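Two complexes come next, and they have one chain in common, subunit A, joined by subunit B in the first and subunit C in the second.
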Partner chain A sequence: MATTYKLISSVTVGSGGAAYMEFTSIPQTYTDLNLVFSGRNTSSGDWFSLSFNGSSSNFTGRIIFANGAGVYSYTRNADEQGVIPNSSTTANTFGNGSLYIPNYTGSSNKSYSIDSITENNATTAYMTILAGLWSSSAAITSIRMTISANTFAQYSTAYLYGISNA
Partner chain B sequence: MASTYEKIATNTLGSAAASVTFSSISGAYTDLKIVVVTGQNPLNNAITWQYNSDTGNNYSNNALIGTGTSAISTNANTQPRISGFGDLGSSALSSLIKIDINNYSNTTTYKTAIGRFDSIPKGRAAVNVGLWRSTSAITSIAFSFENGTDNFSSGSTFTIYGIKAA
Partner chain C sequence: MATKIIVDCSTGVTTEVELTAAEIAEREAMAAEYATQKAAEDAAVAAKAAAKASAEAKLAALGLSTDEIAAL
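Our next item is the complex of A and B:
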């Protein structure tokens, strides 16, 4: 039986941090993709951005955002797709999240979802749920997570899994 | 090494259909995961699902829904089905639904499911928790729209995975 859920590749940020975590040359042999990440910002930003195939255009999203005091909803483009802890949160605390992309090789527009959280030994921490759509007929061959003008801290990780329904 | 994540069945619609059913679901797994990419035509009612052909008022569900401008919570009890938010907003294959059903085959407890319902054409991101008040093992799951006549678009994909803890 074919393996249904398989690790394609992983990224672990080294000392000095990294401006982004990226997967390129994604094989086109699976049905869905699941990117599971753990990250922390070395600076003050709380949000990460997303690009597919080097493009941050044609992204549309709806996000639900909770901060421990209230819950809100906003529209989204490719920016502010989810949250990671910033440098003022509890030390050594990394957020985590999951990006799921079904039918990533198809010619239809690409729907996707992201769940993400931060944690903090204080009154404020964040969680988000995002519905996204990348309006493109292109198969997804690369994915980049970026923190605008900031860096992912050392030990941030991302794992890309391929899921096959064949 | 034993496989812990296996495809049980997948259904790609060759033409529009009012319902999709996974039947004779094996009890050999611990949890189930369902991934649906679909559109809807016409746009009248919410997507729903039932277990084991049970049409009694044995279901309830809670939802957290983000519209892009507000986040709302809804509840429905004593229902004949578990329902997502309203219509999907488009016949395009741009709506993503993911459902996790844990411990689905036990015969002791009622069955809960947590689902993500995302539709950018409708402008919604949502989390849905559904309860089926039955101790029966889940052996079939049927998807339709509330009125029973709206259709899932041609090309829609419904895939059910089994996850093993042993």
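Our next item is the complex of A and C:
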């Protein structure tokens, strides 16, 4: 781990759950960002979505998805960027993952990657790796994670780190 | 009412607020898209599993053992 790996901010979901976890006013003083998260869905659905600067447009990507029975590859926009356990998985287990964004302050399009897994004491559990691109010249100043229709369960967390000279 | 948690990284202040009408509409659209995409992906997974089972059955009919099929 780089010695300049610093925690910018973190969030922990409270008892009511949350539809979005969002970081705003991200400082522009690092070279890369790393968002490390742990989450669980309060209902059905395994996927979370992403937006930068309040926009879910101009996202493209490719994801490799495995479920214990096979491996699959799909194209992606801003939706279904990675997985977290849903309410039918083993109780009180949380998945985890990591979003990495190099050169988030630059004027070139922003590449990023996400790895994520669910936790489930059963035959079926999911893991994903995504290579994504946000086609925008804007520096990333905010990041939002959301789950389609449902909410992040209490104790879901996200930690945003800044990395200098990565 | 669904809420969102916002962390202002410049101040470290965390706030929890209700979703706007636009955000609710966005989530409903996402849910519909999710359902469509999930159905397609589930169908692809099922098709691949069925093809695998069919291939294994055909190999077994040719005389390959379970171990031999698994070794392929």
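Heads up, the rule we're going with is that the second predicted complex is superposed on the first by the 162 of 166 C-alpha atoms of A that agree within 3 Å, B and C clash if a C-alpha of one lies under 4 Å from a C-alpha of the other, contacts with A are read in each partner's own complex, and residues count from 1 in each chain.
Here is the rule we use: a contact is a pair of C-beta atoms (placed from the backbone, for glycine too) under 8 Å apart; a residue touches a chain by one contact, two chains touch by 3 or more.
Predicted model only: the values in this text are computed from it and were never measured.
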First (subunit B), second (subunit C), both or neither touched by A:Gly16: second
First, second, both or neither for A:Tyr72, with subunit B first and subunit C second: both
Which of subunit B and subunit C A:Gly45 touches, first, second, both or neither: second
Subunit B versus subunit C as contact partner of A:Ile8, first or second or both or neither: second
Touched partner set for A:Glu119, first subunit B, second subunit C, both or neither: neither
Common interface residues of subunit A - those touching subunit B in one complex and subunit C in the other: 65, 72, 74
Of subunit C, residues touching subunit A in the complex: 2-12, 14, 16, 19, 23, 26-28, 30-31, 33-34, 37-38, 41, 44-45, 48-49, 52
Residue ranges of subunit A touching subunit C (in the complex, touch as defined): 8-11, 13-14, 16-27, 45, 47, 49, 56, 65, 67, 69-70, 72, 74, 79-80, 144, 146, 148-149, 151, 160
Subunit B residues touching subunit A - in the complex, by the definition given at the top: 3-7, 10, 35, 37, 64-71, 92-96, 98, 116, 118-121, 123-127, 155, 157, 159, 161
Residues on subunit A engaged by subunit B in the complex (per definition of touch): 1, 3-5, 31-32, 60-65, 71-75, 100, 102-103, 108-109, 111-113, 115, 129-133, 163-166
